[in-house]
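Please go over the structures that come below.
In what comes next, chain A is part of two complexes: it sits with chain B in the first one and with chain C in the second one.
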Partner chain A sequence: MRRNLSSYPLMWRLMDMLEAIFKKIWPKGGGFWSPYLMLSPAILLVGLLVLGLGYIGDASLRTLDTSTFLFSEEWSLTNYERALIEPFIRSVIWRSILGATIVTMITLLLAFPYTYVMVRTRSAFLRKFLLITLFLPFFIGQVVRAYGWLIILGKQGIVNDILGLVGIEPLRMLFNYPSVLFGLIQYMFPFAVLMLAPALTAIPEEIEAAAESLGASWVETMLHVIFPMAKSGMIGAGLVVLTLSLTDFAMPAILGGGTQDFVANAIYDQFFRTSDQGFGSSLAVLLIVIGSFLVWVVFVLVGAGTLAMGAKDK
Partner chain B sequence: MNQPVSQKLFFWTLVVISIITLSAPTLVVLGASLTSGNIIVFPPDGLSLKWYEALVEKQELQDAFIRSIWVAIICVFISLPTGTLAGIALTKYRLRKGALIQTYLLLPFTIPLIGSGIGLMLVFGEVGVLGSLWPVGVATAVINLPFMIWAVSSSATGLDPDLELAAQNCGAGPVQTFFYVTLPSVMPGIITGSLLMFILSLNEFLVSLLLVDARIVTLPVQVYNSIRSIITPDLAAVSVVFIAVAMLAIAVLDKLVGLEIFLKSK
Partner chain C sequence: MNRIPAVSASNVCLQFGDVHAVKNVCFELEEGRFLTVLGPSGSGKTTLLRLIAGFQQPNKGEIFIKGQTVREVAPNKRSIGMVFQRLALFPHMTAAENVAFPLKMRRFDVRMIPDRVKKYLHLVRLEGLGGRRINELSGGQQQRVAIARALVFEPDLLLLDEPLAALDRKLREEMQLEFRRIQKELGVTTINVTHDQREALVVSDQIIVMDHGEIQQDATPLEIYRSPSNPFVANFVGVTNLFHGMLESLEGQKVAIRISQQRLIGTLKSEKLTLNQGVSVKAAVRAEQVRLFRGQSENRDCEVYFEGRVTDVIFEGERILYELSVAALSDALIRIIHHDQQDFSTFELGEVVFVGWKSRDMHVFVVD
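What follows is the complex of A and B.
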């Protein structure tokens, strides 16, 4: 029996020790506090963000004195009034909201068939191919993708080179609204598919067959069976695309060339060009309010969709 | 299933458009990096690896790359334990105020990146740590944390609570149960989540742009700054580094958990 005792593995000793420590700290075995304890690091980490929002809120209420270049001691709503009145800011806000809406609709329109084919195909190879085509740009990042579009669409870019070969004058395809929206759609596409996929997987194929055997055309099956059943995924995808494109910085900055600023670009400029932290912060608050409002409206109308994390309430 | 021709045509037209749109920038950047000319033209002047050779000389690009890797490592180091614990807790327990906690933990997604970035910039500025690299890592961990929680919680829904009870029945304490039963069963989620965090942090542009100064630019910021001056093919060669890392990540992800995991319904 002695031999056995000395061969007691090190790992077991370590575990015994940990168990003992654990027991010391929580004699009752965890119980009520343990899940909250497990959540606390995440809550603290996100707390940094909340703290940051506090700073933004504070800064947004202080006006810049342009003669002394100091911020006022007292709080006032001057920055917000300015943000709502100034025509430039107004046009930037509308450009962002309109752009995000268009991008969301086109992205969903393209992402749905892509996801559907990917989920339904019998060919494992095709599925893998579509997945890799999807993940590659997703993992590459916005700057490099925008750079690719610059090479393709630029004045001396590939498309113009090809047009030149057949004798067409070079077109100006960059630094305008459509090029920004186009870049955003390509950027958002993988997000939309990844949100949609679980919802479409959950729909059994037999249901489509049943609809068709009852005489529904494929368009009717899509509209009346698949869309309603995939609603949660569509909402999740739509919300993610809407909020991300509304608040995007890189695509308007790179593909818009400074002429197609979205709200994020205007905020950046206030901080780093005009050095008016107060006004920049008030714009940031406005953007957060607009974004949260849109999300809240969708949540209230149709629920969180696939955005819900963890256990389902259903 | 036999699909009608009209349906096939409709779907495939959109799918092909999507495939082209998704892949075009990547392919073009790859092609441009191999040109032998000094500017990027189509058809290419000829093939050469000279722009890759040019990278060896570019100390600032290499430094930026190493900084980006550090940022990504710090991000995973922070978010892996944090997100794993939170993901398990959210799935395993029916929490009081569960909905509230979920909404709170989704804040990094609902707050626009520019808002989070500037907020964190003000916080780090107040503490006086701006100018070092680790705050960038922390910031990317914060803004992407929901991805980690999500990945873990979606694989934790498959966790059978009876297994944990069985382990405890066999004499395992809470620590052993956690390391030998709970953790292995959420491993696919942890792997997926960590890889996502690494890649997203490596590529993070806006928050990097806000938090770095000229001495500690990360690679995406470096590329962005160069794009705005002149576009030369050496930039394409650098971008291929990102593409290579992305391909590697996809290969690892596919090997370890399978890409199809993203198609599973909860």
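What follows is the complex of A and C.
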């Protein structure tokens, strides 16, 4: 019996068409190996990255001869020694680690109540407002946002203008460590909220009511029930913020004005200013090692959180 | 002797905008009794429970626990244990830690906590499983943890918010009896909310049937089943055949009504204040009180009977549910629950048989 195909919804017919095309291109599709085949583009993408990493690793072991501007033929650890001895690089590394840690802690502290209210509020308006406020900065981009802070916090910026009205001398709010951290926190905040939201959504409101009926005050409910249950989300969010801010380039460059470099800025300088790709590569490898070490420490101390993707925690 | 009820409500109302979630609810519950609030979803039964627990405040009216109003008392200061619909156990704690939680929050003497936890795990028959995490326990065991957690601090009142709804039938029936056992053993006053009429009949001392936020009937299980006070209760509890008709005449409680040209005799269940001929009525007959027979000679005691054709036969094991279409009643469908202990005789699909009932068993209600 011939069915009247036009009576089916458009989406169904579209899907039927796609299926027919797919059948033509790949008649034996849908077999055991096809999921793995579909993985291949992604594997290729990651593979290229690993390949690049190999080159960086190779370059990091060759030193630049400043008289001939050629890289040495044989491998040596000279670049790494230099990176660990040179006071400037050492201070850049410590600044990055300390900065990333502070940014992670403050961002989580700020993101938790924001996310909690966003998830729990009964007012659709408030939820939408919080969501839009969260997503708006995403459309602006990191560099433009950093420039925005220059306009607001600069010597002739809006804040100093207002302070001038009440007779306060212009403050120097930019190009120091706090301003870089401030910019990073502001940049990382939405990431943290987006990572926390599913974890808090997963905690039923009934759980809070239960804790209350069992005699827990609001503070006790938070402390003994909500925080422990949101732990995996906190760890996931923390790891994302930690690694992103550890490797950040734009905020230290723009809000630090060259005085507050993070490792990424030092790498950039070696590649594009000094043209010592060997030394730059060794810094890149060091950054990867430091980042991995920090993540490993978190894994060991508190588990992988949501990043464990359902694998057994601890 | 004038005893103070364990729980009582007077004119409790809760409105969300134009919707009356709970309307003029009044009831009293005696110490140590098991009350079930029965109703379909959206009847306001869970809202009533949340009002008693203190998660919501009534717009009007008062709730009293042991004679004291609880309007100003926060949920964590009320002496109420609650078992939630989805149990709301704490997944990051072990079973024993879950049970110990209310004791810690309510600042019980730390030295007595382990013994108390042990005693209640024993009560719910979970001895030895205290160290398990919640996700390592079966559905029934999780139920038991939730009960122990709600009872361990010896509250004045236990609230059950349909905790059995998600269980499969066998486990549900087992847990119903378990609730009953524990409640009797401890003598704790209990309010249970459910849409399962069987559960309500099995476990309760007292049943409140609710619909649209209002109490439809407040009585013992037997009374609710035997003499429902209105068509809603008659229809909601048990399998009931409902007919619409008109009042013809009235003599004492005996009432004659007209349903599609047929004159039937029934028993009036409404208050007879101003009953005029012609007011519309609803007549209800329980499915198990309808008889089936093949010839008129087999009729034993049915004052009312018609010819009907069998349109459906559902075999349910211990009983058979028939559905018959009766031409004399404008092809109304009548459901019959048939227990035949003697000869296991069955009626065939399409067979024309007699269907009838005693006029005593047809309850007539006046429709407002």
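Everything that follows uses one rule, which is that the second predicted complex is superposed on the first by the 271 of 314 C-alpha atoms of A that agree within 3 Å, B and C clash if a C-alpha of one lies under 4 Å from a C-alpha of the other, contacts with A are read in each partner's own complex, and residues count from 1 in each chain.
Basically, contacts are C-beta pairs under 8 Å (C-beta built on N, C-alpha and C of every residue); 3 or more make two chains touch, one makes a residue touch a chain.
Bear in mind that the values here come from a model prediction, so they are computed numbers and not experimental data.
**Q** Kindly classify A:L84 by the partners it touches after superposition: chain B alone (first), chain C alone (second), both, or neither?
**A** After superposition on chain A, A:L84 lies in contact with neither partner.
**Q** In the overlay, answer first, second, both or neither for which of chain B and chain C A:M15 touches.
**A** In the superposed model, A:M15 contacts chain B only, not chain C.
**Q** Regarding the shared-chain residue A:I207, is it in contact with chain B (first), chain C (second), both, or neither?
**A** The answer is second: A:I207 touches chain C but not chain B.
**Q** With both complexes overlaid on chain A, does A:M229 touch chain B (first), chain C (second), both or neither?
**A** The second partner, chain C, only.
**Q** So in the superposed three-chain picture, is A:L98 touching just chain B, just chain C, both, or none of them (first/second/both/neither)?
**A** Touch partners of A:L98: none, neither chain B nor chain C.
**Q** Who wins on chain A residues touched, chain B or chain C?
**A** Counting contacted residues of chain A, the larger count belongs to B.
**Q** Identify the partner contact of A:L49: answer first if only chain B is touched, second if only chain C is, both if each is, neither if none is.
**A** The answer is first: A:L49 touches chain B but not chain C.
**Q** Should A:E220 be classified as contacting the first partner (chain B), the second (chain C), both, or neither?
**A** second
**Q** Under the contact rule defined above, give the chain A residues that sit at the interface with chain B and also at the interface with chain C.
**A** In chain A, residues 209, 217 are touched by chain B and also by chain C.
**Q** What residues of chain C sit close enough to touch chain A in their complex?
**A** 53-55, 74-76, 78, 80-82, 84-86, 88-92, 101-102, 105-106, 149-150, 153
**Q** In the complex formed with chain C, which residues of chain A make contact?
**A** Result: residues 204, 206-207, 209-217, 220, 224-225, 228-229, 231 of chain A touch chain C.
**Q** Could you please specify the touching residues of chain A with respect to chain B in the complex?
**A** Its residues touching chain B are 15, 18-19, 22-23, 29-30, 34-36, 38-39, 41-43, 45-46, 48-56, 59, 109-111, 113-114, 116-120, 127-128, 130-137, 139-152, 154, 156-158, 161-162, 185-186, 189-190, 194, 197-199, 201-202, 205, 208-209, 217-219, 240, 243, 246-247, 249-250, 253-254, 263-264, 267-268, 271, 280-281, 284-285, 287-288, 291-292, 295, 306-313.
**Q** Going by the contact rule set out above, which residues of chain B touch chain A in the complex?
**A** 1, 3-4, 6-7, 10-12, 14-15, 17-19, 21-26, 28-29, 32, 39-43, 78-79, 81-83, 85-95, 98-99, 101-102, 104-116, 118-123, 126, 138, 141-143, 145-146, 149-150, 153, 156-157, 173-176, 179, 199, 202-206, 210, 220, 223-224, 227, 231, 235-236, 239, 242-243, 245-247, 249-250, 253-254, 259-260, 262-266
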